[in-house]
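Order of writing sets the chain letters: A, B, C, D and E. Residues in each chain are counted from 1.
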Amino acid sequence: MNEKKIGEVILDVRNISLRFGGVKALTDISFDVREHEVRAIIGPNGAGKSSMLNCINGVYQPQEGSISFRGQTFKHMNSRQVAEMGIARTFQNLALFKGMSVIDNLMTGRNLRVKSGLLAQAFRNPFGIGNAQKEEEQHREFVEHIIDFLEIQAHRKTPVGTLPYGLQKRVDLGRALAMEPQVLLLDEPMAGMNLEEKQDMSRFILDVNDEFGTTIVLIEHDMGVVMDISDRVVVLDYGKKIGDGTPEDVRGNEEVISAYLGTSH
Amino acid sequence: MFYRENGQFKTSYRADQQIFAIAQDRWLVLALIAAAFIVVPMLASDYMMRAILIPFLIMSLAALGVNILVGYCGQISLGSGAFMAVGAYMAYNFFVRIPGMPLVPALLLGGLCATVFGVLFGLPSLRVKGLYLAVATLAAQFFADWMFLRVKWFVNDSPSGSVSVNNLQVFGLPIESAVSKYLFCLAVLVVLALLAKNLVRSAIGREWMAIRDMDVAAAVIGIRPMYAKLSAFAVSSFIIGVAGGLWAFVYLGAWEPAAFGVDLSFRLLFMVIIGGLGSIMGAFFGAGFIVVLPIVLNQALPELASLFGMSMTTATVSHVELMIFGGLIVWFLIVEPHGLAKLWSIGKQKLRLWPFPH
Amino acid sequence: MSTDSPIVLNVNGIEVIYNHVILVLKGVSLTVRQGQIAAILGGNGAGKTTTLRAVSNLLKGERGEVTKGSIELRGERIENLSPADLVQRGVVQVMEGRHCFAHLTIEENLMTGSYTRKDKAEVARNLEKVYTYFPRLKTRRTSQAAYTSGGEQQMCAIGRALMANPSVVLLDEPSMGLAPQIVEEVFEIVKDLNHKEGVTVLLAEQNTNMALRYADYGYIMESGRIVMDGPAADLRNNEDVKEFYLGMGGGERKSFKDVKSYKRRKRWLA
Amino acid sequence: MAFFLETLLGGLMAGMLYSLVALGFVLIFKASGVFNFAQGAMVLFAALAMARFSEWVPQWIGIESLVLANVIAFVLAGALMWVVAWLIERLVLRHLVNQEGVTLLMATLGITYFLDGLGQTLFGSNIYAINVGMPKDPVFLLESTFPGGVLVNLEDVYAACIAALLVAALSLFFQKTSTGRALRAVADDHQAAQSIGIPLNRIWVIVWFVAGVTALVAGIIWGSKLGVQFSLTTLALRALPVVILGGLTSVPGAIIGGLIIGVGEKLSEVYLGPFVGGGIEIWFAYVLALVFLLFRPQGLFGEKIIDRV
Amino acid sequence: QAKEQFFPLLSYRTGPYAPNGTPWANGKQDYLKLINARDGGVNGVKLTFEECETGYATDRGVECYERLKSRPGVSLFDPQATGITFALTEKVTTDKIPLITLGYGLSVSQDGNAFKWNFPLMGSYWTGADILIQHIGAKEGGLDKLKGKKIALVYHDSPFGKEPIPLLQERQRMHGFDLQLIPVTAPGVEQKAAWLQVRQSRPDYVLLWGWGVMNSTALKEAQATGYPREKMYGVWWAGAEPDVKDVGAGAKGYNALALNTSGQQPKVIQDILKHVHDKGQGTGPKDEVGSVLYTRGVIIQMLGVEAVRRAQERFGKGKVMTGEQVRWGLENLALDQKKLDSLGFAGVMRPLSTSCNDHMGSTWARVHTWDGAKWNFSSDFLQADEQIIKPMVKAGADKYLADKKMTRRAAADCGS
């Protein structure tokens, strides 16, 4: 295994605070993510991990703080802009397009890159007039790679709503990958998987990280996974950051142990 | 056994991306279209054409349009009648006010006006969702009803407010006989259905469906809700508008706003739900169900009754017709909540496995 | 302890078909005895959820149906009972993927769980019990369920089922999305209920490690069939189970980092 | 001034009457997540039953008293609505557990057709009268303050009071009882509700029955005002902006929405209508509701629409 | 092949307009049964019919038309609705089947030179409105007394309701009364705003151009707002039993135009009772026979049958007439008092005779008043003012022809 090159800071979260009415979901959180690294966020339930991701990709607007991406600072961003910058995301509660087939779900990930307009698409044809068909085929080819990669060939045309939970998680990842993101935010991608599947998933994540150099931010409750595959870990508790460092550092941190890991670990 | 895709390996994505990827389907559909153009005109009676097939074709087209908005983009619309009315009345105005205006451009221009109207009343969809949006579309419906009744300009100052067209021609051929009307509607339908199919299987169609299924997630992968929703309103109301023009010009010939009332909007919505939301095929099934079934029931019931030695008054027939119609709707929904198109595809799936049960 | 206690749940060769065409369970049989914790293990899509739905009769809403076989609860055929009847008989399911009532607050969610309980004092006691199990819920009790975190919702779903004072609990992936500490907690609760109140548990779980630690008996499912079953202790020592489910192939735990993505084959499928 | 007051009052009264129909929508939506398009048909069906029973009962059992005939007719019509609710649960809803909103909505449309057909078959399609002794002629108030006084319809006032009572009772039911909570749970998630032992079947019969009785009350009031005839079903379209403005899930919302829509449409028709040729009230009602929605997409009192990933 | 003349009957027995549509349809059917039962048809040609339910909806109406138009021996259509009439007007020209719209349809279609296939027999909305204004004028003591008076038109918001407006505006110009237009959205169950406006402007007269529930609702709202029913005048579609019956006492004093009598005295009604109802062949309930709309249905059918008879006189007695031949018959109806008497219509209606130019045949109507139990005539037959109507019809027909790029029928065409 070749040594990984961790690069510059790509994503810098500064003093983010987020409140919902009286609930303080995040209080003054700062951390950074470096290019190519696998950055884990852990913490007990309701700590604010998902909310953190939502802030990064513009679903929630934090009341305070800022986030910079490749040195460019922004406070209020909408999801579209974030997506255009190359930040993709998977969801904890599965936010797939249930009525669409696996292929179509993945293809939506390519939509940002589609150039032909509405009319061109309406008149797309197999006779080589216009670009729409060619473009479609190129995107399809890309998506097929992801399908092979995630090993969901058999389910290409199945509506995702009827897939078992674990496969849906995979499709969710695939859709994010289809965006060819620079940063991939993963919210509990392995929940509901058994060990073997978690191993596969870890493999996928590491491969993405290696092969495409994608930076990964990962929320996960399985400490085995976190310890094994992440480069650095942020620990949140009740909206506050209580730890940040290498897996070993974090595992040794008293506060983290009592807040999150429990005694038996 | 016959419906097998085994051995049909796709060697390119293009092959797999064809509208009908399975050869049997492709041939079946081509055969159907050919039959519709060639065989049906030879066999169907005048009544069949004028009273059943033409309305069926036009309503299929309209349902197709509604399906894009409701089925693909998930925006519930009860204003389709209004979009049809705009298409019809504006096409009428282009047709009678501009000397020498040919029929097809008039219809298309009517469709474009419907597009504008549709986008306008689609604007609230950026904020209002689901059933609540139905109010916006109903506002469009009642506003259009009122406008075409009240604003004299739209009816070319006819005192009673009803308008009519005649002398329809396409490329110099008169559209008068049942066959020519039928073929004209069929041609328009086939072309627009093909374009619609292209759209829904392309990027824009996926944007619509993404917005329908989960708009927050769609936004996160970079889909602009505004563009997706408004383009759905635009495309859908264009198609509905053209259908409205056909309904008025070809089927009715003369009409008043009541011909595009809220009842029609409801019926169009039924068509897409019964036919299958998010399925082009569903539009045809739905139109068939809602247009043809009542007529069939209406004619079959007295015969049926007389088989048992009863005679039914027209009133009883239509009451029983309503009951059976309602009952069938419920029954089909129970058998397959996702509509006739889904039932069809399940049927195909079974056929594929045949003769093995699973 | 429980091999000779009476059979509570007896699933006998059931077949389940979704949507009239998708055959998912192909003759699944299992028995759960009084006071037992039985675990169903298996990969994604194996049919665990489907099995539980078949027992609790929640298949209909998914357009699935049991086409063959029988299901008995304490000797009584239950295929035709409604889910509500089953709850009356003490069988409660915690559904996969949480399914909290989005518009209701956490506390209202819990209270709906006691719909079948008429005794006010008992309900209050249960509520207190759930809050002591999951203190996090207490702090979030007035939030609408939709606006709580994934783990909070999972706790809510489990708590809600406990509010019904069940005698048989069907747990579908209870540990999903929970922090390790809480996972432990949940299994302790299960053990507690099982030991102290004699609650019978049928558990579908991906966290094999935990499941086999707490269960008495285990079933392993692959593509709609039970491929292996036995007392939990035996399964823990089975080589295949060790390799594929516990990640202990070759003796010790492999790092997630080092697992190769080569295609492996399970011996029992051969 | 007096006329303005009259218009205002007229709007308020009309609004209350819309609320009665709107209430049926809200009940069923709140308790099962079904948008019941059949509410209009149920109003007609119930009103037809009431009208015809009150006509037939004296013939059947030879009583003279109008009051008694009406009471018996009411009970019979109520019983009929129970049967309808039971059948709807048995034959329709039970088979559509856990289906999407549109599917259920479509099913209620099927029910609409069925009830329309059945109602007319059983009871006929002429205009029938319901006479529950409502006063028909107007009274004039404040005659000393305004020349000619302010015209008020006692009939409307009674109707409004009945509507208010009904709303109060139903609000209490939803707020205070555990059944109310169970109903809301069902609306959120059929399956989860089943999984914790809420008997959907029974709940649905109850809810549809209550909605049926609401429809009966609405039918009696509207029927005694307008006569009972097929067109009563179109009231549903009048009540729709009311439901939506008030919020699909709010019982008090139905009343407030009704008042706003009622006043809005009457004022607009009377004061704006003449400038544009009139006939604007129906779309004005919808546009008014729409304007409110732009500020509160869930309606005035509706539950916040949840969108969360 | 049996000799059968076929009468397609478009009707509506369900939906919002059923209460009014039903007696009308029953009258039409019963008259056909009567002719068959009593006379054995028309000169030996049996009359057959089939009903088709339109529900008052245009598209269903078109379907019914297409379904029935090619039956052998088809004679004519009576669509029973203005909307359907519009749609069929375009179609009958090619299919060569006449359309009779007694007392409804397009007022300009009176001009048989422009509307070859339309027959708005016995009156159009322009004649109706004109007669009402004359009647009101007479009440006031002369048309000149109308100056400064306020007349409100409460109308069904559809082409049907809008038809009288041009005529009323013409009269307004002549006499200087105030005309207030108050539309009521179809089907007309909600009229509070309309009647608030009436209460505000307190017009001297209200003209009611309604159909179906709109009529009874209007009367109830009038009562609720205290507008005197004596001052209300309805069109002949707002002056039948279903419009007033369930209003009870509240309708007392209300007036409406009448094209025909009601009651069971006329001979033709007696004949129907005897030959049809007493034999158990009646279409509807017996006590409805002879009601206003029922009788109108009978008249409509009689005119159709007489057109066939007239056509047979020219094209061959005892033969089945084609649509074109029936059209000729309709254009050459000559029903004088004697003829009417012999047909059993003595006192039921005014004589009527049509021509190539005039497809209406009669411009007379009278007013009747509801006394709480039945309709009583409250005026003599009045004739609409030809001086006013003729030019309007001519102008309207010319515009229609111009829009359609058609020309008037040649004089020679009249004989065919």
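Just so it is clear, a contact is a pair of C-beta atoms (placed from the backbone, for glycine too) under 8 Å apart; a residue touches a chain by one contact, two chains touch by 3 or more.
Quantities reported herein were computed from a predicted structural model and do not represent experimental measurements.
The chains in contact with chain A and with chain D alike are B, C. Separation of chain C from chain E in touch steps, taking the shortest path, is 2.
Of all chains, A has its CA centroid at the greatest distance from the CA centroid of chain D.
Of all chains present, the one whose mean CA position sits nearest the global mean of protein CA atoms is B.
Averaging Cα coordinates per chain places chain B and chain C 46 Å apart. Centroids of chain B and chain D (each the mean of its C-alpha atoms) stand 32 Å apart.
Taking the mean of the C-alpha atoms as each chain's centre, chain A and chain C sit 29 Å apart.
Between chain A and chain B, the centres computed from C-alpha atoms are 40 Å apart.
Shared contact sites, meaning residues of chain D that touch two or more other chains, fall at 99, 120, 125, 277, 279, 282, 308-309. For chain E, residues touching at least two other chains, in rising order: 13-14, 18, 22, 157, 183.
Within chain C, contacts with two or more other chains are made by residues 147.
Of all residues in chain B, only 46-47, 50-52, 55, 96, 149, 156, 159-162, 164, 166-167, 176, 251-259, 263, 295, 298-299, 313-315, 317-319, 322 touch chain E in the complex they form.
Within the complex, the chain A residues that touch chain B are 57-59, 78-80, 82-84, 88-89, 91, 95-100, 104, 107-112, 114, 116, 118, 121-126, 132-133, 136-137, 139-141, 144, 175-176, 179.
Residues of chain D that touch chain B in their complex: 35, 91-92, 95-96, 99-103, 105-107, 109-118, 120-121, 125, 237, 240-241, 244, 248, 276-277, 279-280, 282-283, 286-287, 289-290, 293-294, 297-299, 305, 307-309. For chain C in complex with chain D, the touching residues are 56, 58, 60-62, 82-88, 92-95, 99-104, 108-109, 111-113, 115-116, 144, 146-147, 157, 160-161, 163-164. The touching residues of chain D, counted against chain C in their complex, run 97-99, 178, 181-182, 184-185, 187-201, 249, 303, 306, 308.
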